[in-house]
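These notes open a run of structures that come right after.
Shared between the two complexes below is subunit A, which pairs with subunit B and subunit C, respectively.
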Partner chain A sequence: MPRCWTDMDAFEAFIDGGGLVEADDGMPDAYRRAVFAFIEMHANSELMGALTERDWIPKTPGLRHKMAVLAKTQDEIGHGHLLYMIAADLGVKTRTQMLEDLFAGRSRFHNVFHYRAVTWGDQVAIAFLVDAAALISQQAVFKNCSYGPYRRILRRIITEEGFHMRLGEDRMMRIAEGTARQRSMFQESLDRWFWPALQLFGPDSVPDDELLRWRIKSERNEVLRDRWVQRFVPMLQSYGFTVPAPDLRWDTEAERWDVGPIDWGPLERTLAHGGPDSARRIADAADNWSRTAWARAALSNGSSGA
Partner chain B sequence: MSKQEAIREFLLAFADDEHLMGQQHTEWIGVAPFLEEDLAFSSIGQDELGHAAMLYELVLELDGIEPTDTAVDTLAFGRPSHDYRCCHLVEHETKDWAEALVRHWVYDAFEAMRWHLVAGSSMPKLAAIARKALREEVFHTRHADALLDRLLAAPEARSRLLAALDAVVPMVPGLCEGTAGEAVAVAEGAAAGPTAGLLEPLLVAIDQRFSAAGLDGRSAGSAGVGGPSAGGAANGQRGRTSRSPDFEPLMARMREVLDYDSEAVW
Partner chain C sequence: MHVYEVFVKKDGRDEFRHVGALEAATDELALVLAREGYVRRAEGDRLWVVRRDHVVAAEDDFVTPNTDKPHRHHDGAAVADRRKAARQSQQ
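After this line comes the complex of A and B, so read on.
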């Protein structure tokens, strides 16, 4: 039975009481738009992440290794597929509109996918560092998310992302125990991907962050970012890699790693689609989309599938 | 050629076809017209690569080599080009999704027939792989058929698919070409009949699939396809020992990381 609230205060009391909002509820428009934008960006990021990784899938070294990487990318696109469906159910945009906005550069996706994977080491760094960052964020959303359909889908996504991160960790360990050339390749990948992965969490949450107030997110950006830093700095060091943070220090009083000041300029540029690979990534995706328009047009009489 | 060598060649052709077909499918992840097709191509690609790995293991067992993942990869990626036995259809590079879809249908129609040839093989492991693969092929064929049913009913899509068919059909005799000594492998019971025997039924199947949707009297055979006896001579494969111009760039792409450091384990 769809529910309605008389005003925002009543809605927020429902949220504060641990209530779960469902797609057919008469939710306030501001909440609808906020939860939609959050899920749309997540869906876009799954898809653009798959596009970033696809550059290297055909080059995966090994037959069964390639099957595992294909399965991972299939999962990512599957996540995008599910997320676009629940985003479309919110009635703000159709799935086709979301995809067209993405390929026209009108909507956002995570900063990390505005960078190009230039070596196989980058592919491993993405699976290891970026998937872990995404997993930490998603676990925090899942824990207490007020939007029911998103929370239920996150349960599945988190399970699969856990496998991806372990695949990345396993590949990273092989490299760590590998040849000097392998280690050098991966160190260069770390130099490229450490900061973008850290910046994925975003700057410190603002005090009146409505995503937190409405439990669309459950934890502050800086808390999640710190969780990632405390886990990955020692892990990378234990495998003999250098964390590319010149001001990195161990804070003996707080007993935690401090990466020093964070330059948010690169993140801001990616948000404006001005990242190092933003133009190519979006143009390629748009080109592929337009070259297969004939197939979507042919099926448009029935279910568009797009 | 000894009996073992003949069987090895037969298995290698099968494995190499599965490997490169799976490889070609990997190129479509994320760039198909629908998210559902991205998912389908990646799933089918995984199945084909899995078949290749199992067939390479059989080849290694014949060679007396323990079929570890490393040994499989050495066989799959590490041979000189003249030692591959794939057909030109699976080497063929395409940027056209219509062509990729038509090739997917044609290859899977052929593949199902090929698995049936070995489903009662005298090699128990090969017969077991065939039973597994045939269960998967039902889904591959159903997928391609369902999509073609709808696309061929739309004029522009039909015209693109028929143009794609024109590009694919000349490579069909090569797909059905056997390896040297295949008659010996058949006599030994490895397969129920020669691969070349699949050409006629495959051409009929192609005709039925595409004529039914308005091929207007054109037959697949009219696209320059010779009979089974034309075999390698018609398409330049020379018993699957000759590579097409697309092979070397494809293999260079597949080997890029492996070649980066030959000592590395990834």
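After this line comes the complex of A and C, so read on.
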């Protein structure tokens, strides 16, 4: 039975009590907009990621990896579909409006998709570092998210992201055990992608972050970022690569890796669509959308009866 | 285009489970999209799609917790002592 709350206090008491909000509940407008914006950005990021992945299908070395990249592209397009559906059900924007906003540069997607992948090494670094970062943040949302439809969809997405991350690690392992040229190619990719991947978590959460208060997210950005650092700094080092952080140090007291000060300028630029590859990416996505209009037209007519 | 709700069933004893929704023009295309989006790695072996506007949903307050109908429950307290005594006398 759909629920309704008399005021924000009653709603927050419901959230604090571990309640799950469903699509047909009369949720406060501020919550509806916040959860919508969060899911819309996730959906956009899946689509932008899938388009990059698609670019690498013909260039992926070896049939086995090529097929895996193909499957990953399909997974990500699928995630986009699932997410745009639950976002549309919130009634803030239709799916078409969300896509139009994305292609017109009016809405956001993750910072990492504002950079260009130039070598296969970049693609491996993305598959490993970026997918791992995305997985860490999605797991934290899944654990305790107050919006039921998103939480349920995340279970499926996280399972598939797990495959992607392990594929990325598998490829990194092959490159690490490869020739000197492969190793230096991957080191260059690490130099390019380490910081964007780390910044995917965003700057430290503000004290009164409403995403946290309403349990749309359940862990602070800096906690998630630190989890990623503690896991991936030693792993990259174990493969003999250099973590491109000049101030990196092992804090013997806290027994933790400290990457030093973070320059948030690049993240701010990507959020304003002023990243190194923002304009090309958005134009490419818009171009892809217009070139595939025939397929959507065919699908929306239906080929057999009904 | 119609919105379809998607249900998947794993083999064995589990019931059909609602897994999400999608938009499609026809029943046949809805099944194809459901398979490609929701059943990619052996998540189940049976698939239903149901048009959202065909779902018959109860109005608010139609389903209630029925807390005023204690006669539909029995917590066993009234017979617990008698059972316990019977078990002990058999030992």
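Definition applied: the second predicted complex is superposed on the first by the 291 of 306 C-alpha atoms of A that agree within 3 Å, B and C clash if a C-alpha of one lies under 4 Å from a C-alpha of the other, contacts with A are read in each partner's own complex, and residues count from 1 in each chain.
The rule is simple: contacts are C-beta pairs under 8 Å (C-beta built on N, C-alpha and C of every residue); 3 or more make two chains touch, one makes a residue touch a chain.
Everything numeric here is computed off the predicted structure, so don't read it as measured data.
Visitor: Is A:Pro2 touching anything from subunit B or subunit C once the two structures are fitted on A? First, second, both or neither.
Guide: second
Visitor: Considering only the touch criterion stated at the top, classify A:Gly17 as touching first (subunit B), second (subunit C), both, or neither.
Guide: neither
Visitor: Which chain, subunit B or subunit C, ends up touching more residues of subunit A in the combined arrangement?
Guide: Comparing subunit B with subunit C, the partner touching more subunit A residues is B.
Visitor: Name the contact category of A:Asp89: first (subunit B only), second (subunit C only), both, or neither.
Guide: A:Asp89 sits against subunit C, while subunit B stays out of touch.
Visitor: Would you check which partner chain A:Pro261 touches, where first means subunit B only, second means subunit C only, and both and neither mean what they say?
Guide: neither
Visitor: After lining up the shared chain so the two structures overlap, which partner does A:Thr179 touch, if you call subunit B first and subunit C second: first, second, both or neither?
Guide: first
Visitor: Using the superposition on chain A described above, determine whether A:Pro246 touches subunit B (first), subunit C (second), both, or neither.
Guide: Neither partner.
Visitor: With both complexes superposed on chain A, which partner does A:Leu299 reach: first (subunit B), second (subunit C), both or neither?
Guide: It touches subunit B and subunit C both.
Visitor: Is A:Arg156 in contact with subunit B, with subunit C, with both, or with neither (first, second, both, neither)?
Guide: second
Visitor: Kindly classify A:Pro207 by the partners it touches after superposition: subunit B alone (first), subunit C alone (second), both, or neither?
Guide: neither
Visitor: Mind sorting out which residues of subunit A both subunit B and subunit C touch, each in its own complex?
Guide: 74, 78, 81, 299, 301-302, 305-306
Visitor: What residues on subunit A touch subunit C, complex-wise?
Guide: Answer in residue numbers: 1-2, 74-75, 78, 81-82, 85-86, 89, 95, 149, 152-153, 156, 159-160, 299-306.
Visitor: What does subunit A use to touch subunit B in their complex?
Guide: Within the complex, subunit A touches subunit B at residues 47, 50-51, 54, 56-67, 70-71, 73-74, 77-78, 80-81, 84, 120, 171, 174-175, 178-179, 181-182, 185, 288, 291-299, 301-302, 305-306.
Visitor: Given the complex with subunit A, which residues does subunit B contribute to the contact?
Guide: Residues of subunit B touching subunit A: 19, 22-23, 26-27, 29-36, 38-39, 42-43, 45-46, 49-50, 52-53, 56, 69, 72-73, 76-77, 97-98, 150-151, 153-154, 156-157, 160, 253-254, 256-258, 260-261, 263-266.
Visitor: Can you list the subunit C residues touching subunit A in their complex?
Guide: By the definition above, subunit C touches subunit A via 1, 3, 19-29, 33, 36-38, 40-41, 43, 58, 60-63.
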